[in-house]
Amino acid sequence: MSIIVIYTIVTLSLIGATAAIILYFVAQKFKVFEDPRIDEVEGALPGANCGGCGFAGCRAFAEACVKASDLGDLNCPVGGNDTMASVATTLGLEAVKKDPRVAFIRCNGTCDNRPKTSSFDGASTCSIASSVYSGETDCQFGCLGYGDCVDACDFDAIDLRAEMGVPLILDDKCVACGACVDACPKNLIELRKKMPKDRKIVVACRNTDKGGVARKACSVACIGCGKCEKVCAFDAITIENNLAFIDSDKCKLCRKCAPVCPTNSILELNFPPRKVKPEPELETKEN
Amino acid sequence: MSSRLLTVSPSPHVHSSESTQKIMYRVVYAMIPALAWSVFVFGWDALRVTLIAVAACIAIEYLIQKYLLKVSPTVSDGSALITGILLAFNVPANLPWWIIIIGAIAAMGIGKLSFGGIGNNVFNPALVGRVFLLISFPVHMTSWPVNHQAGIDAITAATPLGLLKEGIKNGTPISDIAGLPHLNDMLLGNIGGSLGEISAILLIFGGIYMLWKKVITWQVPVSIILTVAIISGIFWMINPEVYVNPAYHLLTGGLMLGAVFMATDMVTSPMTGKAQVIYGIGIGIITISIRMFGAYPEGISFAILIMNAVTPLLNYYIKPKRFGGK
Amino acid sequence: MLKTFKLGGVHPPENKLSKNQKIETLALPKSVFIPVAMHIGAPATPLVKKGDKVKVGQVIAQSSSFVSTNIHSSVSGTVKKVDFSADSSGYPKQGIFIDVEGDEWMDEIDRTTDLVKEISVDGAEIVKRIQDAGIVGLGGATFPTHVKLVPPKGMKAELLLINGVECEPYLTADHRLMLEKADEIMVGIQLLMKAMNVDKAVIGIENNKPDAIQLLKEKCKTCPGVSVVALKVQYPQGGEKQLINAVTGREVPSGALPIAVGAVVSNVGTAFAVYEAIQKNKPLFERVVTVTGKGVLKPSNFLVRIGTPTSELVEAAGGLPDDTGKIISGGPMMGKAIPSLDVPVTKGTSGILLMREEESKRKEVLNCIRCSRCTSVCPMGLEPYLLMTLGEKQIFDRAEQERVMDCIECGSCSYTCPSNRPLLDYIRFGKGKVGAIIRSRKK
């Protein structure tokens, strides 16, 4: 009986040893050299694999960083300046500071503000609904509310409540990876500069119809009247195609524009209430 | 115009009257003759087993979906009902109630809901339950009740396949095996066995009804039956003393039940006709191999489960004929 | 044994409610909106401006490239404005608004109903006049007809197929046209044959229109080279590729045009329009539209001027029923649901279908049970269940491999799915994305 045991042990050991030798040579033959710094850089990254940097995942971004001679064009929006600084130290390069950004949905066409004129009944995604027709309301630019952006967000930073009709971006969770920007078939989402205390002054509208048409479709549509443009002291507001746009890089949060807007399409978010009269949108859009 | 909003949706704007529920209920109707026969043969025990199995399957699906998965229960679609009846069809009529419930838990919990419920399961849930029971409770699962209709000198506690397997193990030639039923009895169902598998003819009727109602396609049952017939026929011609007449293989055990009701399960069988034929041939070969050379007297449950696992592969490689060539 | 196409197909309830209603000429509307893009290809360029007086049949927008076509005024009156207005998709499209004043036709149009049989022009001239007359495929695809008649280099047409199938449920416009304008259609077919330089034409008609088959067979006796084939009723037989397959047995290769198998398909309505354009000098500014639906008081077939608002048609058919839940421009299988009654009739509008509230909502979507019905009904031999998943999960490279671009969007898969899954919604989405990927690859 013991002879069987010995035979078994010997054969198995021989097989094992042969396999090990083969494996060793194969590993030698097919060895791929990889810059060890790629691993280091990847370690410094958040590992979200969100694609916000424009590369297919953190590893690809790390490879790009190692190859690059200058980090100016490379930015990890999730990690922000701290991450980029540690990447820069790893690689011995200089970090370029970038303003942190946050996503914002430029539509305030909630169920109250924008009446429905038809009802969509199909696969409930924005991309399919928008390929069928302009949407359930008379505003062909506005949010469809099926939440393609919510599905695209890897960070649970977008909250879609059915009773609102328009999703809400949670500023503290948003990392400005830009996935929602690409997902929105109506191009409503913009990455804006992150201001102190998440304060924002934005035109929550993308409607380029003429004033009357826009106003009829939605009570808080921008009608392109240009009052805000005149009142802005910093040239931050431009009017194009009947639509105002506030450049977040130029805006100084002076709050002059919001009160002059006849349709309340300019939102002031996360400010202390005004002494005279608070904006009605303040409550609905506040986090 | 009234204040009601017009609906806008992508085409098509009409839908056939077909529904999942209708398909499921047609399968149930197809099983009724075989069920009625088993009640006639085994007495109220058969009904007891069926009712327990159905109630258990429906209850387990409902409870798991409602409290564990927290989704809206889908018991009304009729698929749990089918699983219950099929599970009952696959067990002896004298099985204790608690074993049936364990089988139902295995069928619904492991076989179906762990994959995500109807449509997502890889294996036929009723067969998962049956095989689970067969392996866990081999004695209970192979102690068949007496067939009241077959008379006193007929088989008492063994199926024809069991007798054959015994004969092969002992080296007894087929002609000396005592108690093998007559072919007519097997066709009509005057034999012992699991609840629903005994009457080949009624199962075939059910299959014809399902074919007529387009619930199943002919490819799966026909290819299984032909494969079994051809392989067993070849062996029988080589040596009829060791290998039994193909008719025995076709009419005994769960072959008809498996070929008509279990292998044709939409969820776990391939999509295209060509793939279904390969799937059927696979089931036939594995079944006959287990029956002739394996340890178990019956092999169709294992065969179907094995081929269920191959189904995704068949779906991947075998494509329907495209319009306009390659 | 009747001929039909070989793969898949469904047979929805026909509901041809208006098949015995003679074509009536609809009263002139008060104003029309004529979009400049009613065809596949580049939109036409408007030639008129606000305040211009126009006559019926006058060119008001000029074709801007080869794959494009002229637009003619369907009414006489004053141009109110050239502006954008929501089309059937709700998105604004450029078009010409005209206020109707009287009914003054261009002088060269022959308004008599006499049949002109004599063909006095040659093939090239026919193609040119078809192009000038703004004729597009009237079956619904609206592809400019003159483009089809000129085969690409190295290809030769052998056969003209006339599509009298009308496989969409409810619609009867082509059926009525075949019954009432059979002689004109036969001349139109001869004109098309001459333009293409072929000596054989086949009219395919489904067997649910025995009167039309009989009548056209009768007419064929005096037209050498033209014959009628009765086809088994099967949707989507009116699809170009399916019709070619049903009649000739040939299969148009994946990604190719019908000309690859030597066939050109035209609708009976197109043949009639060609007759009018060449023999009567009358450009395409009116067409037959079926107005129908289970709740409609008076299902009808109307001869309608292009640009007439849908509401006028509905009014003429007995008004909008109270329980209307959905309005479809076209048939129930491939038509487009429209969000309002202001949408105008265009060259591609074959019908207006009013669906009742209870018919217009989709049923609850359940899990796929892999019954493979979608695969078995797909006329292109695709696997809709797989393509839907690939669209849903946005796996476009695999969708391309699985030939999502072959999908003809007939809707048989969604129609037949017992779990009410929106198969075509996702497949169409995937098809759009894959199409964009392919186009960007070519650049």
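Annotations
Think of it as A, B and C in the order they're written, each chain with its own count starting at 1.
In this text, contacts are C-beta pairs under 8 Å (C-beta built on N, C-alpha and C of every residue); 3 or more make two chains touch, one makes a residue touch a chain.
As the structure is a computational prediction, the values presented were derived from the model and not from experiment.
Here the chain at the heart of the shown protein, by mean C-alpha position, is C. For the criterion of most C-beta pairs in contact, the winning chain pair is B-C.
Once the centre of each chain is set as its mean CA position, subunit A and subunit B turn out to be 52 Å apart. A straight line joining the Cα centres of subunit B and subunit C is 49 Å long. Our note on geometry: subunit A versus subunit C, Cα centroid distance of 42 Å, whole angstroms. Residue positions 336-337, 339-340, 360-362, 422, 425, 428 of subunit C each touch two or more of the other chains. Among the residues of subunit B, those touching two or more other chains are numbered 6-10.
Multi-chain contact residues of subunit A, defined as those touching 2 or more other chains: 117-118, 121-123, 128, 132-133. By the touch criterion stated above, subunit A contacts subunit B in their complex at residues 116-123, 128, 132-133, 136. In the complex of the two chains, the subunit C residues touching subunit A come out as 86, 88-92, 336-337, 339-340, 360-362, 422, 425-426, 428-429, 432. Residues 7, 10, 12-13, 169, 241, 245, 251-256, 320, 322, 324-328, 330, 332-341, 353, 355, 357, 359-363, 366-373, 375, 378-383, 385-386, 403, 406, 409, 411-412, 414-420, 422, 424-425, 428 of subunit C are the ones that touch subunit B when the two sit in their complex. Against subunit C, in their complex, subunit B makes its touches with residues 1-2, 4, 6-16, 18-20, 22-23, 74, 77, 79, 116-120, 266-269, 271-272, 315, 319-326.
Across the complex, subunit A is touched by residues 5-10 of subunit B.
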